[in-house]
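In the two assemblies presented below, subunit A is common to both, partnered first by subunit B and then by subunit C.
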Partner chain A sequence: MNSKTPLIHITKRSDIPVGRAILIRVIAIAAALLLCGFLTTLLTGLNPIEVYASMIRGSFGTSRKLWNLLQNMAMLLCVALALAPAFRMRFWNLGGDGQALMGCLAASACMILIGDKVSNTALIIIESVAALAAGAIWALIPAIFKAKWNTNETLFTLMMNYVATQIVAFFIIIWESPKGSGNIGVINQHTEAGWFPSIGSNKYLLNVLIVIALTLIIFFYMRYTKHGYEISVVGESERTARYIGIKVHKVIIRTMLLSGAICGLAGLLLGPGTNHTLATGIIDGRGFTAVMVAWLAKFDPLVMIITSFLLVFLQRGSNEIATAFMLNKSFGDILTGIILFFIIGSDFFINYQLHFRKSGRKEAK
Partner chain B sequence: MFDFATFIPRAISQSIPLLLGSTGEIMTEKSGNLNLGTAGVMYVGGMCGVIGAFFYENSPGKMNGVLAVLIPLVCCLLGSLIMGLIYCFLTVTLRANQNVTGLALTTFGVGFGNFFGGSLIKISGAEVPSIILTNTSNFFRAKLPFADKFGWFGKVFLSYSFLAYAAIVIAILAGRTLKKTRTGLHLRAVGENPATADAAGINVIKYKYVATCLGSMIAGLGGLYYVMDYTNGIWSNDAFGDRGWLAIALVIFTLWNPVSSIFASILFGGLYILYIYIPTGTNLAFKELYKMLPYVVTIIVLIMTSLRNKRENQPPEALGLPYFREDR
Partner chain C sequence: MKKLVSVVLILAMVLSLTACGSKADNNEKASSLKVGLICLHDENSTYDLNFINAFTEACANYGISEENYIIKTNIPEDNGCYEAAAELVDEGCDIVFSDSFGHQSYMLQAAKEFTDVLFSSATGVNAHTADLDNYVNAFASIYEGRYLAGVAAGMKLNEMIEAGTITADQAKMGYVGAYTYAEVISGYTSFYLGAKSVCPSVTMEVTFTGSWYDETAEKEGAEMLIKNGCVLISQHADSLGAPTACENNNVPNVSYNGSTIKAGPNTFIVSSRINWAPYYEYVFKAVEAGEKVDVDWTGTLATGSVELTDVNADVAAEGTEDAMKTALDGLKDGSVHVFDTANFTVGGETLTTYLADVDDMGDFVPETEAIADGYFHESEYRSAPYFDIQIDGITLLNTQF
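Showing the complex of A and B:
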């Protein structure tokens, strides 16, 4: 009989002490860093400790680098905050890129078309509304089909990204300046119309503050409001939701409008808020990175601050090592991928418990 | 007049990476695994082939035609197999979320391709930012000797390399295996309802692993075809673009049928390059709008299949869900 008992027996954990869960995560990240260090030496012949030290310098070295880190964190967190409510509802919104891009497009359109016709304050209000609305509409389209006909939202939102990219490419050629350059340069460079004001001399502070406020709002929204509760119920079980009288269609559409609008906000902050231009690559894949930020944090807005820091740190750090050691920039993507694999894998040890086969004598008792 | 004799061959050679990618992804999805990492797998497949070819081309001695094809081929298959194994280990053994694992796999794979691409460019000391493997590519692109004798017929049907015909054969074989064999039936059972399949004595974990790894290897070949054939052996970073995602879109477009994927991928290949052939005069902006056609068509198909809601056209029922025997 003993020979038929499997060596390892797996059971689901009901819950795990917080300290234990954190410990498992830390072990996973440490193991990933070890493997990454080993690979770094193997592939490039560099001392991994030096490489890590230079990653840290790249993120915190100077106040300019620190502000860059904060700005990138804020932008990534903003998209992740947009995705979190949708994911909690089990609506896989992979269209963050497209929704943010449409937001940026709408804001840029306002700056270009009515930049010299209204006052600056009015312009900023109009472009903000336009950006949020554009993002929301881009998210609303897949949401309606999901709610009404259960169309697969993962792939729908994914495809919408590419449609958005081409629409932006179309407008870039129409507005390009100088003609034939293939990009539109800085919008309203002389008048600075529609540009977000900077607080003091720091051009990123306003963005960071907006995202901090947004984090608190989303945290409150998801945890303490009726809407947040409905989102969780729909995510846990659609049938239960219907049974207790939640209108599932309404929740899906409402949550996706919110999700898209926040993505639009991210586009607004990246466009008029930071770069003052429009480009197809302006969102820089944040819609996909944000999926991981949100998921690693189990959709908790406060934990997402940590996970977005982790991912931005990896990106900024690897840019730094790319220039410092004359490596290819993509080396950072490899490291990020490996670390993600470990964190994703470590979830197993948090959710499940392994029981090894006990020795034969104990079994006989 | 629209030039079909040049358009169709270009559309077909454009379609082969998509066909291989989608055939691989169909195999994977039939086992209940939604591998969003296909883009990354195809990058790794292409890059591993390039690495193999690069070192063989730069090794002393005369190049042997068989080895010149075999070495990149084996490297490509190994590389994509490892990607498939990583995905399976995380999602099947460790039951991680498939979407997140797939996206991480894409990050890793694209990074892998571009990093080694960049490194090889540095080693070769080329002035242009690309790796040129024309010699290997010539072996890969060996064509049927009599193709030219048949005029337009030869050009449209016989002018491709062995990988292109292999892709079509693989798609037909995959379609037959899924529909007509016991193995295919078991695989579909695993994708539809793993608990029932398990109860019927099918080894769910084995089926998931084998289908996903085979799928990855087929998709990886798509990357290899792209480098060795479509671009004549020239690898430039990021040139592969969004073809991996388009392959995933094709899976839905074809309703999980590899055989119809042959025609669908030619259609997509055509849509992908249609903008070159449509006369827009000096207005370049509209070309950008034509480029969105494949995606718009996919969205329309996605909507249509969900509207018609026919049972046989639906995704595998357990697609995207991890299986845990003790979980009831």
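Showing the complex of A and C:
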């Protein structure tokens, strides 16, 4: 190497042995935990091992916490499953939050407006259809603009989130209870009309089962169907797709309808399925966290089960730390942030290789 | 598949690293009480700080050690509140308190599920109709505190009128409220009536922010009122927005939730607050003794639940403390009623009857006659305020919230 070579230069790896990839991940996690431990001791004076132990307790401490973990995994995975087909198509749907929120709004509207007019079964069917349709419509709008005029879908879907939030805020003022409190509270708390039924005594089991089924369906859809194949081709190269006779516009619109409808389903499961309320924060940023879930798993629905577990585990853990040690919840968020930063960062070292000028040998950190 | 293996290994690593030392805390729940508090915001909100201080004080007085109480802050008014309550139950709490109105339906939900634990939703209105043994509400007759703070405001206006800075007609106060909800309406009306009891020409403008805690909106609301010609500001919202705006514009401020003299050393007059410590101690005692806790407890001046901070003599008018003392004595002996129908009109008429929505079943149907013996009986038929009448002399600038 001559002296004009920069100190470090980066090349893309064509392939990496499994062992090496695992090693990089393990080092990243270990480094993240070390840094977290160091920061914890420095800032709070607590024993880091105890802090980690309470992170574990946050997910596995009691059966209720375990169910909580499963419920949150299911909800996050549901949104990630919605995003995966769109992402595979290279359509960056950042509007999962808004699409799910519109689904929740539509379902809540049914519960509030016709809650006492139709039978409970009919109400659940109507609100489900409404939620899926609302989510699909919210995704369809940017999809049409993308297909017809090639607008930037990243910005468009992102902005649709804020529109959805404001629409929901508007309806909260209309339906607030009591008047002037800025809060809807639990919808149909006395009649429980439109609430999803519990299987046995477990209120989360139904959600979990629905999402498990959905995971298998999406896995099958993306891998073994013609639609799935078309999505991959469009994602690889629109020109190739056009050349082999795929109607790209149709694929974009169809896939986004699916993506939006599944987001609407997430809103449905979060609203009538679990929380029985409508609030602007009910989706809790899952539309964005799900981007990470889908991305880390390279859009593979089965791997997404693991990545959603990882993210929810970290969230529950940081929550537990805040409770157990009476730290501000922000401290748990800091730890989660550090760990995620390292995990995402390790992806860089798996995909790229660093070359140093002097040493001349290949280094992979 | 490679990814799958690597992620599994990572998880195995994380778990094995941290699997030790998680079984130590089973012997805590033996003797003394363990209690939890759920707060909407954290210490930066004057409202939540007031709860946190009272809670820690009550725990200290009652002998509940630091490891036996848990305070969860920044808990939103949604399912997060139910989750927080369930977590506190997991931690072994015998009593779970919440501090914000919007927490109530989630506290109720938790109470239905965890029947061994007492849930107390402060400022809530649904316990007396929920009919559960382990779910209660509490509030205090804070309208009396607001009234006394209003007296201090009226004295300040009188001082300005006497000094010639304003005419009697210009005695206009401004009020920054959160929502158009009975708790806020009852608060600003009692404050106004307190001021009017010493300064008859007073008027008031009210603006709403649509949030319990929005520092920018509260500050801008106060500044807008000051520009409108309001010469004194008070607020019912929980940030330091309004006191800060007053200090910046050198306009006197009557505060809420506790002293804000640090934010406004040159403008703070006095503040009313609910002292929750007597309530907490009452509940601790009752639960420990296995007695039933009042489903809908109302704190009063007599229980020490309604308090006023020290008057800031640098800003307050001369004679303020005496005037407040006179009013306080009147409230205590029953010769003064805050919502005396002789002291206010609605559309130019004196009220003789008013149905209030006391049994809040979500139907918004008022069912309880609240006016008797010449005054509106606030916080008597239920602890949370239900006075929601728009009286003459008060102008609402925006009501969309």
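General remarks:
In the analysis below, the second predicted complex is superposed on the first by the 335 of 365 C-alpha atoms of A that agree within 3 Å, B and C clash if a C-alpha of one lies under 4 Å from a C-alpha of the other, contacts with A are read in each partner's own complex, and residues count from 1 in each chain.
Here is the rule we go by: a residue touches a chain if its C-beta (ideal position, glycine included) is under 8 Å from a C-beta of that chain, and two chains touch if they have at least 3 such contacts.
Being a predicted model, the structure only gives us computed values, none of them experimental.
By the document's definition of touching, of the two partners only subunit B reaches A:D347; subunit C does not. Of the two partner chains placed by the overlay, only subunit C lies in contact with A:S181; subunit B stays clear of it. After overlaying the two complexes on the shared chain, residue contacts for A:L113 are found with neither subunit B nor subunit C. Of the two partner chains, neither subunit B nor subunit C is touched by A:A122. With both structures placed on the common chain, the touch criterion links A:T62 to subunit C but leaves subunit B unconnected.
Touch criterion met: A:F145 reaches subunit B, while subunit C stays clear of it. After overlaying the two complexes on the shared chain, residue contacts for A:L155 are found with subunit B alone; subunit C is out of touch. In the superposed model, A:G281 lies in contact with subunit C only, and not with subunit B. In the superposition on chain A, contact of A:V291 is made with subunit B only, not with subunit C. Shared contact residues on subunit A (touching subunit B in one structure, subunit C in the other): 173, 328-329.
Note for the complex: subunit A touches subunit B at residues 10-12, 92, 94, 145, 149-152, 154-156, 158-160, 162-163, 165-167, 169-171, 173-174, 288-289, 291-292, 295-296, 327-334, 336-338, 340-341, 344-345, 347-348, 351-352. Contact residues of subunit A toward subunit C in the complex are 18, 21-22, 25-26, 29-30, 33, 49-50, 52-57, 61-62, 64-65, 68, 173, 177-183, 185-186, 189-190, 274-275, 277, 279, 281-282, 297-298, 300, 302-303, 306-307, 309-310, 313, 319-320, 322-324, 326, 328-329.
Within the complex formed with subunit A, the residues of subunit C that make contact are 2-11, 13-15, 17-22, 42, 70-74, 76-79, 83, 86-88, 90-91, 101-102, 104-106, 108-109, 125, 178-182, 184-185, 210-211, 357, 360-362, 364, 388, 400-401. Note for the complex: subunit B touches subunit A at residues 34, 36, 86, 89-90, 94-97, 99-101, 103-115, 117-119, 237, 242, 245, 248-249, 252, 284-286, 288-289, 291-292, 295-296, 298-299, 302-303, 306-307, 309, 315, 320, 324, 326-327.
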